[in-house]
Amino acid sequence: MASFNQRLQTALDSDLAFAFKRSPVAMTATTIFALLAIAAVLAPLIAPYNPFDPATLNLMNGFTPPMEANEFTGQTFTLGTDDQGRDVLSTIMYGLRISLFVGVAAVLFAAVLGVTLGLLAGYFGGWVDTVVMRIADVQITFPSILIAMLIFGVAKGLTPVEARDEMAIWVLILSIGLSEWVYYARTVRGATMVEKSKEYVAAARLANRSPLAIMFGHVLPNVMGPVLVLGTIGLALAIIAEATLSYLGVGAPPTQPSLGTLIRVGQDYLFNGEWWILFFPAVTLLALALSVNLLGDWLRDALNPRLR
Amino acid sequence: MTQSPVLSVTDLVVEIPTRRGVLRPVDSVSFDIAAGEVLGVVGESGAGKSMTGSAVIGLIDPPGRIASGEVRLNGARIDNLRPSEMRRIRGKRIGMVFQDPMASLNPLLTVGDQLEETIQVHLGLRRAEARKRAIAALEEVGIPAADRRIDSYPHEFSGGMRQRVVIALALAAEPEMVIADEPTTALDVSVQAQIVALLRRLCRERGAAVMLITHDMGVIAETADRVAVMYAGRVVEIGPVREVVGAPSHPYSVGLMGATPSTSGDAASERLKQIPGAMPRLLSIPSGCAFHPRCPRAFDTCDREAPPLLRSGSSLAACWLCSPDHQHLVQSATLPEAIE
Amino acid sequence: MLAFVIRRVLQALGVLLVVGFISFCMFQFMGDPVEGLLGQEATEEQRRELIERLGLEDPIPVQFVRFVGNAVQGDFGLSYRLARPVSELILERLPATLELAFVSAIIAMALGIVLGVFTAINRSGFAANFIMTASLIGVSLPTFLIGILLIYVFSVQLGWLPSFGRGETVEFFGWRSNLGSWDGLRSILLPAITLGLYQMTLIMRLVRAEMLEVLRQDYIRFARARGLSERAVNFGHALKNTLVPVVTVTGLQLGSIIAFAIVTESVFQWPGVGFLFIRSVEFVDVPVMAAYLLLIGALFVVINLIVDLLYFVIDPRLRSDRAGSH
Amino acid sequence: ETLRWARAGDSLTLDPHAQNEGPTHTLAHQIYEGLLQRDMAGEIIPALATDWAVTDDPKVWRFNLRQGVKFHGGEEFTADDAVFSLKRAMKPTSAMKELLASVADVRKVDDYTVDIETVGPNPLLPNNLTNMFMVDEGWTTANDAVEPQDVANGGENYLVRNTNGTGAFMMVSRAPDEKTVLKANPDYWGKGEFPLEVTEIIYTPIQNSATRVAALLSGEVDFIQDVPVQDLERADAQEGLKVVKAPQNRTIFFGMNMGDSDITADNVEGKNPLADVRVRKAMNMAINREAIQKVVMRGQSDPTGVIIPPFVNGWTAELAAYPTPDIAAAKAMMADAGYADGFAIRLDCPNDRYINDEAICQAAVGMLGQIGVTVNLNAQPKAQHFPLIKNKETDFYMLGWGVPPFDSEYVFNFLVHSTTDKYGSWNGTRYSNAEIDALVVSLATETDTEKRNLAINKIWETVQSEQLYLPIHNQILNWGMKDNINFDVQPEDQPHFKFMTFSN
Amino acid sequence: MTAGPRPALVRADHLGRVFDVSKPWLNRVLEGEDRKLLHAVTDVSFEIAPNEVYALVGESGSGKSTIGKMIVGLLQPTAGDIAIGESPRTGRSTRLQMIFQSPFASMNPRWRVRDIIAETIADPSIDRGARAGELLEKVGLSAEDAEKFPHEFSGGQRQRIAVARALAADPDFIVCDEPTSALDVSVQAQVLNLMRDLQEELALSYLFISHDLAVVRYMADRIGVLYLGRLVEDAPRDALFAEPLHPYTRMLLEAAPRLDAFGREAPPPQGEIPDPIDPPSGCAFHPRCPLANRRCKTEAPRTLALENRCVACHAVEEGRSA
């Protein structure tokens, strides 16, 4: 048990940590991401208002500029309010929650699905491989937007209207996840085929290990590097995809706006001077995606042994 | 060996700054190679052989660099030339052959493209002439039907043929000096013999000096005129091949030869001699003589001071045992047969 | 190679069939074409008549078979909304989208490759690092936001470039082109940049990564050791080898350029197929939507095929007879 | 002057009898003309008919045609063309036939006189003729287009893409959804009668409202319809631009299923909360119409308490009065009705049909939330929304209703009468009252205006006391244009460019 | 081939392995090609006695690894049988172990050494940690090393770990596939010595695969020479080196560089190994063979059993080889 400190120490001494401490970009990106994530996770505790509870909204607060008192109600909001009188700051925090939740869940979903299929395809080859890769081919024919619209269409037809708002988030996760798994599957399949031919797998077979034990015990840990990089970049992609879908009106419901929904709403007010409705969510989205992308980028370089 | 050397390396130091400190893969290396002479460079993996070769031809990847020392080609310094000038020397006056013939050729260009390109750059010929020269070069390295094969892509050749192409490329401009970095490691024994013979024949015909880098003692013994043994970035012994291979002075050379199994002799059933431990990493090179922790005959001076190359017979060895001050040690204990 | 092509074509047909089925099914769930077609005040009788005429009451497999059969002949029926043959509608608008995609792809590829090579060669230089970091902003900004920003800055604030539409077009052999007039060129600039920016960053980053990989290869060292100039090494040897993976990704990106044109076209009011698609979704114009999805599927498949064939051109290893054995 | 004009949608077809739809008529009006037309104030004025009157037979209207009018193709306009055009508009594939349902026959009297006979006396016939365009008989027949385009069946004919009208403008080129160019008709009969200052029209549909506004702001177009309310101020304030407004003939309201004993869209088992008039009244009381007007509509609406705009016969100020929002009183009424803890219900709402439709619904969600009605908003495109109402699949929905004949009867027929074959097709409230139904039916044949108006009043009283609908507001139309354009907003949202003038 | 003096521990009987390297079906149909079969191993028979080291030598692609994998059961033979002890072998057995060529690829880099070694421990009653430490000490490392990861060791140390892992299954027989070809001479000597010591101490049998005649000479009791998947000569070590019978064996011996042959300039052997998919007719070695005659081109030689050794060569059979 003394090994925890020891392990921590090992982790801190590891190449990755070393590279991390040396990279101001990585540190800044992590800080920004952490701040945004904390704001999202703690939103119900720290946000000044709850924008998702329509009964608490006062429409008369609508379009209040940042730091100015509303002309009817006299209330003041740090980042102003949107068209429904929602506090933009609180809405961004809650919107971040949705964006992050959808992003993380979509990535997890895509990764689990893609990694599993990739492992199976790469390890067993043959018809398993053919089937998985042909599905991937079809899948890749549809860009994520179309996949999402498709799933939305289907989900819309299948779910009762009452359930739609709750379903919306899960449908987003499903559709983004489904459009991304191919990348994991392809990467993992390739890496698995490389790993499979390595002698340690033969050694494990000699020890009478089952294929599943070999796949998950031996191969999986060794293909996780690229998966980690893909996952980080995929997180940024998923966040942007969610925003785009919500922007197109097939994402998060208007009563529970995500960053994309906020931008869609805000875009209508760009030309008339009510810039804050678009600006703050857009900047937040950019900061979120950028920090994740920077991290992914850095991670890719840091994990690449040849660049070290 | 009285004529002036084609290549002369003096106190060459290569440094690579890394985040864990500055590495010295090559440390105060000196040697000469005369025209028509083959200098074999042996040593275990990581000893700095390739790095020395790269330093000579000026191809050390940044951030690595030549920190000090001189490289002279026919008397003129080449280690401080501008890139454009160095480029004119590379390929033209110094040719280089790498280990892996599979990887040395650009897979997307035909063999002819790569040959003609090189010939045009160095000899300033027109395309048609360059092509003729290229075919001739291929014939010379023993590629049958060269005029047809010239338009083939590298993958259409077997490993041995590919290495012949690489040699043709390296020698296309008739350089005075050839550096062959493990030219046969990736090949089978029967092909290895062919390639070594080819290299030796071509260089002899052209009077080129050859630096033959390998870790195969046997190849060195059969091919080289002189041998330099490297250990942890330094030349520990250099001298005529018969002496260094047959009767080495440095304990490391002794160990190396003893550890090499052989197809001849009678010692087949006897144990191989073995040197304990392994070569140190560049980050933790021991003080003094780098070999002293593994050396069965180390004494107190060895871990304090690095030995210079000292004369021992007709070769030079970097070992305090060869120093006149320590001759008594040599005499008192005749070299033990087995170092274990 | 013939076998390869045939196999690819067969695969492509399989993919298209699946795509067709999906697109067909998808629209079974979306909206009610009858309402879209007849409007608010139609009588029950009219509705029944229409349902019958469109065959909307047949079992789904029957409808699908009919759909495929017609699709094969290029007949996607008539648009519910515009009452014109879908194939004609699509053909009419395809040039706008293809041209937009083409210009975006050119911008993306030209800039992407140049910047990628630049950042790879000057790996640790300030400019390269700056470009690399800035490029991340490119991949972090959603397309729609880029479009809005460009319009805001270049049309509304500066008034330099048009904010919508194709502007003046010139007709060459029945192909209406933006590239023939100054106004047309001005009009295509903002949408093309919007659409191409993301792909450009992707291509640039890919080229850089591949180039760095290639520059580490032995044959590059060997080329240097033969005294070839940096230029010959970087462009004659390294770039060519970089192109193999870049071609695939660029090919795939071209496909997604066309698909992502949906967003750009709707922001810039670009009269292309993507715009047609969005309008059709609003009106639940099933034939147009189905045809669009099939078109995208077909484009992807064709592009993939071309990419695969390009491989043969670029990489001699694939051309050899021994490709099957290793 | 060249006029660059943009609006959200494009004309659906050029065949003037194939679609009964605003934007389609707008374009047609520039090219074709009817016997009569509405001017920019909405008044009926002569067009191809110079005068008209009921003959001695109250079932026959006589129209005297304008002489010397030429089609763009050079053919002269005569009574034959008028008879042909009206008959064409009555063909089964015509979308205009419902408007001529009362017409029994159309007869040529002489070359410049036409009689229209109706089934019964129809004093309102001219109202139905303003969008009834005249085509040339010879040209149409020669091009094999006697039958109007069969839109429902995906048909096509020569007229879909070719035009030959008598109007002030002629087609130069057209790419649907993209760009249409018209130029002035040099031989127009109305020279001297209309300003005719516009010489060329370049019409570009721009669906995205931000882009449309951007186009106006950046000067790429001169005139746009449907300015988003939030940009009115900016557009108006911008140097060289102005916005003109007028009330529109359209009211926005919510409908509630009060007729069924249980409904599916709520969370109450075995009961229909909307069936209780106290609940409906409470909900009406919870809606803050002024907040919607101020914030959502930026003042561009007239809050109202009745589902007809003021120009419609039957409208009174009392009907239009609406309660001030009173959450406490509303809650009390909810408690009275047994819903002290409220209930949940789904609200179906279009998101691409009315001005800020989705935002209004969202606002309502918040307001109703304050009296304990938890509303799940289902906003979707009109193509999916309207079938819900027609198929009676929604229990709480938004709808907007225009009244082209300017009479309450039209509203009652569609929205108040219980749903039968002929009536109540848009009555999503499932309200059914035999007495009221009988009254509604009687309006059609009642010729005594006073009696008729009394009946109308009676019906409205019931509608209001039953709180059949939750009215929100009447929409206000606005057009944005260059400062130098003089143009009034037409209440039907139909710009007739021949009336446009420029001041320099 | 020959029945040894002792009962054989491992017997390979007319072993063969064919790989299908044909192009996909469609290509073959269109291009009118036949199925392409690669005969990696053809008709190979040998026996390994208990406590004997049997070596297979041959150049790259001669089928050495394929035979090794078939013996341990990683590959199924397409022809012939393998018998372990008395019974024909069924399935894989942990009593047969293998040591691989690459000290880097043969160990999962994410696993601790203890787990790597323990994975092969077959007996569940054994305390794995203790056993791993024990084995590490046996191969000259320390028990504490069990906690480390493979990358913390040098190549030679890793090969020792590989030996420890093989020993963990308590095997009688270990296939060593070029275990030292990735190592430096000084380290190679350590590993070879260790393997020899263990073989004696634990009475193991090895199938020792190598392309290096010198190493084989040091390790093996008996040597089989492979050329293009066929066993061309099989002889006790000393006999083979003293008097190689097959021309290929002679060529190999000739070509091997020697430490004491300074400046030797023997003419190098001719030609390269042919394409195994399309091997020469008759005796596969005939294009490179100085003794080849017409018969060699057409007729594959049978295996000639001589006293204590065998060889497959027409020239030897006809007595032309002297």
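Note that the chains are named A, B, C, D and E in the order they appear, and that numbering of residues resets to 1 at the start of each chain.
We take it that a contact is a pair of C-beta atoms (placed from the backbone, for glycine too) under 8 Å apart; a residue touches a chain by one contact, two chains touch by 3 or more.
Since we're looking at a predicted model, the values are computed, not measured.
Peer 1: Identify the chains adjacent to both subunit C and subunit D in the sense defined at the top.
Peer 2: Chains in contact with subunit C as well as subunit D: A.
Peer 1: Compare the CA centroid of subunit B with every other chain's and tell me the farthest one.
Peer 2: Result for the farthest chain: D.
Peer 1: Take the average of all CA coordinates in subunit A, do the same for subunit B, and state the distance between these two points in whole angstrom.
Peer 2: Distance between chain centres: 53 Å.
Peer 1: In whole angstrom, how far does the Cα centroid of subunit C sit from the Cα centroid of subunit E?
Peer 2: 54
Peer 1: Approximately how many whole Å separate the CA-defined centres of subunit D and subunit E?
Peer 2: About 90 Å, centre to centre.
Peer 1: List, in ascending order, every residue of subunit A touching at least 2 other chains.
Peer 2: Correct list: 267, 270-271.
Peer 1: If I count partner chains per residue in subunit E, which residues reach a count of at least 2?
Peer 2: Subunit E, residues with two or more chain partners: not present.
Peer 1: Provide the list of subunit D residues touching at least two other chains, using ranges where the numbers run on.
Peer 2: Expected reply: 210, 214, 217.
Peer 1: What does subunit B use to touch subunit E in their complex?
Peer 2: Interface residues on subunit B, with respect to subunit E: 44-45, 158-161, 188-194, 196-197, 215-219, 221-222, 241-242, 245-246, 255-265, 268, 271-276, 278-279.
Peer 1: Using the touch definition up top, name the residues of subunit A that touch subunit E in the complex.
Peer 2: That would be residues 198-200, 202-209, 218, 221-222 of subunit A.
Peer 1: Mind pulling up the subunit E residues that touch subunit C in the complex?
Peer 2: 21-24, 26-27, 29-31, 36, 38, 277
Peer 1: In their complex, what parts of subunit A are in touch with subunit D?
Peer 2: 53-55, 57-60, 62-63, 72, 83-85, 161-162, 164-165, 249, 253-255, 267-274
Peer 1: Would you pull the subunit E residues touching subunit A in the complex into a rising list?
Peer 2: 69, 72-74, 92, 94, 96-98, 100-102, 105-111, 116, 119-120, 122, 165, 169
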